Amino acid sequence: MKRTSWLVPTIYILFLMLPIYWLISMSFKTTNEILGNFTLWPQHFTLANYRTIFTDPTWYMGYVNSISYVTLNTVISVTVALPAAYAFSRYRFLGDKHLFFWLLTNRMAPAAVFALPFFQLYSAIGLFDTYLAVALAHTLFNVPLAVWILEGFMSGVPRQLDETAYVDGYSFPRFFTRIFIPNIKAGIGVAAFFCFMFSWVELLLAKTLTSVAAKPIAATMTKTASSSGYELGLLAAAGTLTIIPGAIVIYFVRNYIAKGFALGRV
Amino acid sequence: MARISLVGLKHSYLAHPAAPDDWALKELNLEWQDGGAYALLGPSGCGKTTLLNIISGLLQPSHGEVLFDGRDVTPLPPEKRQIAQVFQFPVVYDTMTVFDNLAFPLRNRGVPETEVRTRVQQIAEMTELSATLKKRASGLSADGKQKISLGRGLVREDVNAILFDEPLTVIDPHLKFQLRSKLKELHHRVPKTMIYVTHDQTEALTFADKVVVMNMGQVVQQGTPEELFLTPHHTFVGHFIGSPGMNVLPCEIDNGNAVLKGHRIATANKAPAGISGILELGVRPEFIHISDTGLPATVTGLSDAGRFRIAQVNCLGQTLKFLVSEDHPIATGEVHLTFDPTHTHIYHNGWLAGQEGLA
Amino acid sequence: MNKAVNQKAWFFVLPVLVLVAFNAIVPLMTVVNYSVQETFGNNQFFWSGLTWFTDVLRSERFHASLTRQMIFTGSILLIEVPLGVLIALAMPRKGIWVSICLVLMAMPLLIPWNVVGAMWNIFALPNIGLMGKVLNDLGFDYNYTRQVGDAWFTLILMDVWHWTSLVVLLAYAGLVSIPDAYYQAAKIDGASRWAVLRFIQLPKMKRVLTIAILLRFMDSFNIYTEPVVLTGGGPGNSTTLLSIDLVKIALGQFDLGPAAAMSLIYFLVILLLSWIFYAVMTRNEEW
Amino acid sequence: MTLELKNVGKMLGAQTIIYPTNLVLEPGRFNILLGTTLAGKTTLMTLMAGLERPTEGTVWFNDRDVTHDAVQKRNVSMVYQQFINYPNFTVFENIASPLRVARMPEQEIRARVTEMAELLRISTMLDRNPDELSGGQQQRCAMARALVKDSDLILLDEPLANLDFKLREELRDELPRLFARRDRVVVYATTEPTEALLLGGWTATMAQGRVTDFGPTERLYRHPLNLTTARVFSEPPMNVAEVRIEQGRCSLTDGLSWSIDNGLPDGSYTMGLRPHHVLPRPDTPSDIEIQGRVTVAELGGAESIIHFDAYGNSWVSLSHGVHPFAAGELTTFHADMSHCFYFDDTGRLVASGKQREVR
């Protein structure tokens, strides 16, 4: 068992990499090569697809838009989740046990159905087609998760640390920002990773709540696919580029996940 | 059950140890009798846990052999050594009942269920767990859980030794006393070889027939609690055991006898002729008495511990502590002190003169 | 740990409540509103009571998509959870390989869902896709756009590819936080590899696995983008999962009432199942 | 500077954690809270610090009602049993942190932190992070932080409990020098009677949320107000038995009896005798003999604690030196009954045992 156990993750990673390889290899092929004969690697290596993306504003603005609302969402989600998680980890209060489950149930709302009401809601308050609209909408499923992750990490910090800080003269806000937050930075990293991830990959709500100004890259891709026929190479290049921001984020939080995180209430 | 011998054991966590400090465990040879109760006592970082892990097989020593009843078990993994261990933090199988926890080591070895039942009942009765057998183990308090881990060790008939790694760390102070006594009692009822690692002298001396005192990766003395108290083989033992620890005073040697600032002191041992190095006089606070004649001293402090008082004096430029019993008054100011000659020793480079390195 | 009772803690939770309530309750009310009204376009609505609910509950179309949904969710849970745990168990515990494994494994999670769909759509195409081509070259008659079985196979394979890593990440985080002493004790007690898994690793992973299963359960019930891009619900309606069906009804036919009623019913189904699961998993918490 | 609790009580839901308590704590000496775990010491301290509000009563500092003042406004310091330091700060920044919050000029901060580090002997570790220090050093860092800001009230909640035995002894010797100051109230919680005695000052004994007695430590030890106080103030536990007094003789059931001359009227009493007046060998001529069966013998470094059964009671003997006994052994113990305390049926002390003359 021990000697062969490395095989399992290796095979799994190979399985994960195959479709990604296919995507990347396509991004370096011309549309003709893709649709023509089957080739395992690019025979006519081209950077044309990437050139198109980096020169055409409708393409690269999609990236800017996506990164903008995802970042905004991550900041909002973690910021509001921090005090809530602190309350769950330090105090008992009326309804605390049910509150968490209720928060979690919000992930159950089928985005497909809620898209239309969301559209109406955000149009009504004049936020349609803004970064803020998408960022706020995504908090629906990210905040509960962030609260859960952060609470686990916070419960690992002894309560005496809070008391010591008050005794030393720290006000609550100062204690929270100077002492407490640095102590749970691993948790913040992990929570931010999950918020980033779920906001980055979601398309339905993001597409519904935007038209031009805040349109995400993923939506740009669907438009292109339908309007200009199958420009598969271009699509593959755009797709390849969507993997990069996530890969950067996971690289930064890898050690926190590797160390394992203290897990909070369930 | 087994006799345990450690032969030429040495360990370093480094790949190429060079300096003496690179060794977590300096060379040691020990022989432990079957059915004995032993303690490894020392401050944190003295190598006692390293030694325990070598005995249990969790760690392979860099040099030397571990023998059980003369059989070399050094290359064997823990599960092949037939030993049991109680850890610092209680380890129980959360999802099982107390009964299943105790039965686990037997069932894993295919012991028939009827035998499992009688054996578990028997052990539960000994460890006072009978009332909780049907409860889930996760619901017990820390001391209850420690009793379970202990019970899992006792339940097997074939165990060569039971190892304890600071088992009372997470126990409430007022329960420590009970569990400490319980362990001692259990050893009388189940005479297996038991090895107990701790930094707490009371736990070690209470539990063990023989205590191995360790410091800086080295065994400094192995002996009965009495020997450690009356004849410390090293100033470290004198300091570490007893409260307050032994007084250690630099002295000179004249013709094998100790001389303290011109005063000749009678001692239990003599220094060999031509000795050089650091020479000290060791005497425990219990063996210094006030008398009409003797070394002149000035009382500088007195603290009351209830049944006795600890007097602090300045004697010939050295600070000394000694005990004064509750009922006897003590003069303030100038006093004269005598050292009990049978319990005053000369130390050479830290070791009892004439016994150097005979740990 | 005995926590202090402090009702002021509600102030800390307030921002979360406001934010989530704003996003959850207003749209939910809108949906409830639709579900009890009849519309003939032109923004004219009439009260229709619970007609839509009874209609939906009786409709075969709903039954069919709910059944498909259950089969899908059931299959992916049965595959992803054990597989995720198995991979987490086989992962190295320390060293550079941990980081490499984690970074690589997390990649599918970070790809936008429509890209995932598009990627698999192409990857599995029998003529130009790596997987489709290889399968056909190996003699399998594989064509997911035409054959129902192949479509399901591809759909489930895609989801396994996409989401198993989430289970791996959570399970792995749970595994590394088990103290070494447990493994040592198990060795000493002579426990088999299976007993270690059954009595130490799984119980200690219970909390993470509960969350992993809940997340996978909820998210798979709401799955929309990937299957739409991959199969578009076809061939026929064979892979039309609940969300796809809902969107077809709501936006395709603009039957807002039935769609709303259907989504509420299905929201309640998820809620009920999740709650039962949650209650069972946390039942023994306070013993 | 005086801290005064007026009728302070704390409820948690329907459960009473602290019963209404009145205490006046004076500066310039150690005020000790002595009691077992869960007796309410920590809660009482958090009430004193202002970390929690009492559910009834008021807290006064220097004749000013501070009950509703925030903890940040009170100029207090606290040291916990767990080594609490800010893990994200270096040792220097840890010690400096209260001064930084108070916006002290950088130069003065530097001077004060250096001075404190010197005093607590951690000068060489100022650049390290707390988790790189040993337990003793971590606690020294926490103490330096508590001392650096010149607080009016310092609360020490079992600060030595998690330290190795020898470190505890060493730090305890330093404590009075570090903390005692004329203009500061020091409160020290401990579970160990010996620690309370060695630190001196005044002691409040606590049991189950109540303060059972408060006064000079030595008075509490020699003349405890009641049985609860006497029990709390005895480690190992006091020997307690129901007795009858008739015509100048005191008797246990089953015939053990001794004469008394303290003039108590005939009737039923509870007798308390500290373990160190029960010895395994004769001590004074007035000893009475108690035949007992040894249950457990515990050995400290320099003393032995022997538990035995006799006359239907369990007894404890504490004697100097190392006296190993096997469980089950039948032995004669010698008890000096002139040291007995007598309590009436409400538990109030009616007669103290013979005491040595107080200097």
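Order as written gives the chain letters A, B, C and D; numbering starts at 1 within each chain.
We adopt the following convention: a residue touches a chain if its C-beta (ideal position, glycine included) is under 8 Å from a C-beta of that chain, and two chains touch if they have at least 3 such contacts.
Predicted, not measured: the structure shown is a model, and the values here were computed from it.
Following the contact convention of this document, A, B is the list of chains adjacent to both chain C and chain D.
For the pairs B-D and A-D, the count of C-beta pairs in contact is higher at B-D.
The geometric centre of chain B is 27 Å away from that of chain D, both derived from CA atoms. The mean-CA centres of chain A and chain D are about 55 angstrom from one another, to the nearest whole unit. Remark: chain A and chain C have CA centroids separated by 16 Å (rounded to whole angstrom).
Listed for chain C are residues 4-5, each touching two or more other chains.
Here, these are the chain pairs in contact: A-C, A-D, B-C, B-D, C-D.
Those residues of chain C lying in contact with chain D across their complex are 4-5. Residues of chain D that touch chain A in their complex: 46, 49, 51, 70-72, 76-78, 80, 82, 84, 86-88, 97-98, 101-102, 142, 145, 149. In the complex of the two chains, the chain A residues touching chain D come out as 158, 160-161, 163-171, 174, 179, 182-183. Across the complex, chain C is touched by residues 1, 5-9, 12-13, 15-23, 26, 34-35, 38, 40, 76, 80-81, 83-84, 86-88, 90-94, 96, 99, 101, 103-114, 116-118, 120-121, 136-137, 139-140, 143-145, 147-148, 155, 159, 197, 200-204, 216-218, 221-222, 225, 232, 235-236, 238-239, 242-243, 245-247, 249-251, 254-255, 257-264, 266 of chain A. Of all residues in chain D, only 12-13, 52 touch chain C in the complex they form.
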